[in-house]
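Please go over the structures that come below.
Shared chain: chain A. Partners: chain B in the first complex, chain C in the second.
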Partner chain A sequence: MKISRWYYVSLGIVYFFLLGPFLIIFAASFGAESTLSFPPRGFSLDWFANIFANDNFIRSFWTSLQLGLLSTFLSLLFGVPVAYALTHFDFKGAGLVETLFSLPILVPGLVIGLAMLNFFVLFGKFDMMMGLMAGHTAILFPYSVRVVSVALRNLDPAVEEAAVNLGANRLRTFLLIVLPNIRAGIAAAFILGFITSFNNVPVSVYLSAPGVNTLPIAMLSYMEYYFDPTIAALSTLLILFSLLLVQAAERVLGLSQFV
Partner chain B sequence: MLKINDLRVEYEKGVPTLDHYDLTVNDGELVSLLGPSGCGKTTTLRAVAGFVDTAGGHITISERDVTKIPPNKRDIGLVFQSYALFPHLTVFQNVAFGLRMRRISKKDQKKRVDEALRLVDLEGLDQRRPAQLSGGQQQRVALARAVVIEPQLLLLDEPLSNLDAKLRVNMRTEIRRLQQRLSVTTLYVTHDQIEALAISDRVVVMNQGRIEQSGTPEEIYKQPQTPFVADFMGFENHFAGTVRAIAADAIDVQAADTTFKATQVSGDLRAGDAVWVYFRSEAAQLATEATPNSLPVTVLLRTFQGNTIEYVIQSDLGEFKVRMPEDQVRFEAGPAYLSLNPDSLIVMPK
Partner chain C sequence: MRRTVSILVLPALLFIFIFFVLPILFLLAQSFLDPETGQLTLTGYIDFFQKETSQIIYVRTLRLGLTITLINIVLAYPASYVLARMPARRRTMAMSLVILPLMTNPVARTYAWLIILGRTGLINNTLLGLGLIERPERLIYTEGAIILGLTQLFLPLMILSLVSAMENIPKDVEQAARSLGANGITAFLRVIVPLSADGLVLGATLVFTGSITAYVTPVILGGNRMLMLSTLLRQRSMMAFDEQGATVVAVVMIVTALAVNLIVRMLRPKPTAQR
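Here is the complex of A and B:
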């Protein structure tokens, strides 16, 4: 009995600190006053309207959306072949390759952003969007490799051998047999990658410029000047957006088996 | 016909798993490779299928040297231990896969798949997915998929080990019937001696990458030629002795103070050679008085085993097990004689 009581108490503490801030933000976004406060006084949806009136938010939302989709796609385009090689070939230095590919997870985002910025500045003129894309692709790549590797390892190697034995070459085996069976893993990697890119601050902060902004950066700079519930309203929308995405993925794919 | 000549396989450089390995499977013959895990039987099968690189030797299928030919061009039907069905394809698509890779017309694909499914009694299940089938049904799909391409050679890698005991016996008979109807040359890998004896034209017993003995199921069961084969085929008892004399039809072996006559001899023996003498527990008899070819023993334990009674006995030559029909005279713990028929004693060089 004692153990189970402590179990619930600690679970309660964890939930309080994890979810508490979200609930406060959620409540604050409906407040009527012009400063962010809790508990909110009055009720208003003005702050939600305010989001859509702000050009910078709208523009940076589209930038983030494009950036998220494209960089996730690119990270998979490079990540799937690497995962395939890591799971199918026993080559010298496979361990080193795996470590190298996980560097973007281990190195702090701020360091990566700074390094990327210096790297691009070396080339002189560069397109801001291209820079962001390269930076995000680099940080998503290890996630793609990991998640797709798990999916590949879950597929019985004999299934591929059966296809080869029946006359399929390596490419056809991959396209006709392997790919359809790791669909769920690839979709999981896509959703994780997209959310990671969409929420990223440390890399984006170095690689964005006044014209090209991601949504989190736009929110940061907005907060430097204003402290009204608009940010809370926007956060509420973003939390709902992420939740919907993850829920849909869990429902359709069983996302949790890959992470 | 499958011919393996002087095959060498190394997983680790310089350490051969198989070396100087020769094997022939004649047209329409079913040969099983039998042995404990790690004996090289699966390696042999995978080398024939092309999934293992060879370090020397030749593999020939129907006069065609396939040693350097990639696995997708060998034209071999293969049934895996795990069945390895394509999870995302229907039964029909699974079976049709090999035909599709061979660019057979849609119409002919349908005809041949239907026929193959009929052959394995799976008519009407062609639109199911593998996950919706029982283990036995999955096994049949795997069989149909392997034979529908009309391969020159059929390989089966422990195909029954994932089935329960009753189903295993049924499937064993069905595989054998199918193989005979198609008269396809077949190599069958198993670690189960009863399965190997029941299904094969010829059994090849392997140990540590070498062939210990090759012969018909009866030869393997009744006349093992090495201690390994005798142990593996269930000869529970053996003792050491020395050859005394050799006649045309029998051999005299002395062990302790007794001279035994034996008729089953493997290998070239001369008087004075040290030998092993093997016998099965059910081939020995307990008796109340000494007879020719008998040995004084002490009965230690008697256990009831249904239609047989098993005795554990002690003698100067060691501890033995004897199994006698349940309806015969029972022996109590104490002195008795162990009587051994000369035809049931297998003598082999030590």
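Here is the complex of A and C:
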């Protein structure tokens, strides 16, 4: 059946609205003027050079990268066993466990950040990086548990039964048979977790200190003092990075079914 | 089996208990304690609901959430229908572009709206150039700016929810409606909309709760002039050093978000997927 062209017009409007602003950032980041204006006048690559000359951006980028990788890894290390238990055993309190691990998504990030800061302060001095790591790992749990659970449910139980029948114990079966078979799900969880951590502001904003902050927090504080297109240039790079990552992940793993 | 389950679940439970549940409980307690004397008190809450400034901000937050949800529904419905009817391969490509705003650094995404709405931004320069205005209008730090920014952020969630609901509607149902004499719009409103109601409810809940708790967009596009709950919370804890006031706003925010989820669940007893 033919779809009326008005539907396509509305899809066009949606794309224009979702992606148009990104094109405007790209254009603005090449402007020559030192205060941001649009349409940009002149052409310059200075703002891109400016990013790499700024210590705070470089340092916070490495912090964000480390934090993203480590907290995603931790959330999977703790989360995969939970997903396995939820999909393989019918135990008392399974519903409660599932609810508990979905809570960090229902509670606003800003509240989690404030709560953690207030709580950590109780114990006197604490390491900010550890605080960030704990906070990010906690907010990533829901993604890890859910995405890996989906992958485990989609796995044909016969595969596991065959291994067990041939004499492998549970751990061996898991490591040698189950894990390789759900690697797409693990990869999807990893990418989703990494992006979530890398882009997080509300939790990080409370757990930052001079010298320890993440890239988005460094961008926000730069914006308070400077109005030049450096942030536009940095945004251009970050948007292209997301675009590549999402395209690759969508093609290989079908990321949008897990979001 | 019990031992195996314990070994699997306990480490994660312990982690989430120490680093999530305890801090939240502590924050809840803080909101009821007088910061000086340590006595139980409701002053924080009474202040919040009696002071005009916080009343205005609370009502504004709910109103903006509702507005954004409605705009999202109108924009997303027809577009999701096209996406749901696309062949799988093309849909994958199309969806990966739809979810881009969700996956982008939030500061970068919001910065685009500063370039569009700023004093020397796209809209002001265009209107000045056409001679329609004489001096730049203030377009940021307005409710409109927040609505634009949050609509761009949450439209993907709405579309994802609707598309996954519409995928399951068989094409024959619609064809049947058409052959029985319904025109395109009637078929859409009477067949597609009711059959995708689950996705609509899920999407609307996500968009509403997301909008009333979002932080980056209101902080950049609303600033201190157009506060929402989240920016009020941040202001109280950092600038005003009003620790208890901040925890009260935090609790109001959690309770509102959870209440919306609960009400939706009660109105639709059928279990829907949780994000």
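The working rule: the second predicted complex is superposed on the first by the 246 of 259 C-alpha atoms of A that agree within 3 Å, B and C clash if a C-alpha of one lies under 4 Å from a C-alpha of the other, contacts with A are read in each partner's own complex, and residues count from 1 in each chain.
Everything that follows uses one rule, which is that contacts are C-beta pairs under 8 Å (C-beta built on N, C-alpha and C of every residue); 3 or more make two chains touch, one makes a residue touch a chain.
Given the structure is predicted, the values throughout are model-derived calculations rather than measurements.
Q: Classify the contacts of A:T230 with the two partner chains as first (chain B alone), second (chain C alone), both, or neither.
A: neither
Q: Using the superposition described at the top, determine whether chain B or chain C touches more residues of chain A.
A: C
Q: Could you say whether A:N181 touches chain B, chain C, both of them, or neither, answering first, second, both or neither?
A: In the superposed model, A:N181 contacts chain B only, not chain C.
Q: Examine A:T87 and indicate which partner it touches, taking first as chain B and second as chain C; both and neither are also allowed.
A: Neither partner.
Q: Using the touch definition from the top, say if A:S204 reaches chain B (first), chain C (second), both or neither.
A: Neither partner.
Q: Is A:N165 touching the first partner chain B, the second partner chain C, both, or neither of them?
A: first
Q: So in the superposed three-chain picture, is A:T214 touching just chain B, just chain C, both, or none of them (first/second/both/neither)?
A: Once the two structures are laid over each other on A, A:T214 reaches no partner at all.
Q: Of all residues in chain A, which touch chain C in the complex?
A: Counting only chain A, the residues touching chain C are 1, 3-4, 6-8, 10-11, 13-15, 17-19, 21-22, 24-25, 28, 35-39, 78-79, 81-82, 84-85, 89, 91, 97, 100-112, 114-116, 118-120, 122, 134-135, 137-138, 141, 170, 195, 198-199, 201-202, 205-206, 215-216, 219-220, 223, 231-232, 234-235, 238-239, 242-243, 245-247, 250-251, 254-257, 259.
Q: Provide the residue numbers of chain B that touch chain A in the complex, in ascending order.
A: Residues 49, 51, 70-74, 76-78, 80-82, 84-88, 97-98, 101-102, 145, 149 of chain B touch chain A in their complex.
Q: Can you list the residues on chain A that touch chain B in the complex?
A: For this pair, the touching residues of chain A are 156, 158-159, 161-169, 172, 177, 180-181.
Q: Touching residues of chain C toward chain A in the complex: what are they?
A: Residues 1-2, 4-5, 7-9, 11-13, 15-16, 19-24, 26-27, 30, 75-76, 78-79, 81-83, 85, 92-93, 95-109, 111-116, 118, 120-122, 125, 151-152, 155-157, 159-160, 164, 171, 174-175, 178, 184, 209, 213, 215-216, 219-220, 230, 233-234, 237, 243, 246-247, 250, 253-254, 257-258, 261, 274-275.
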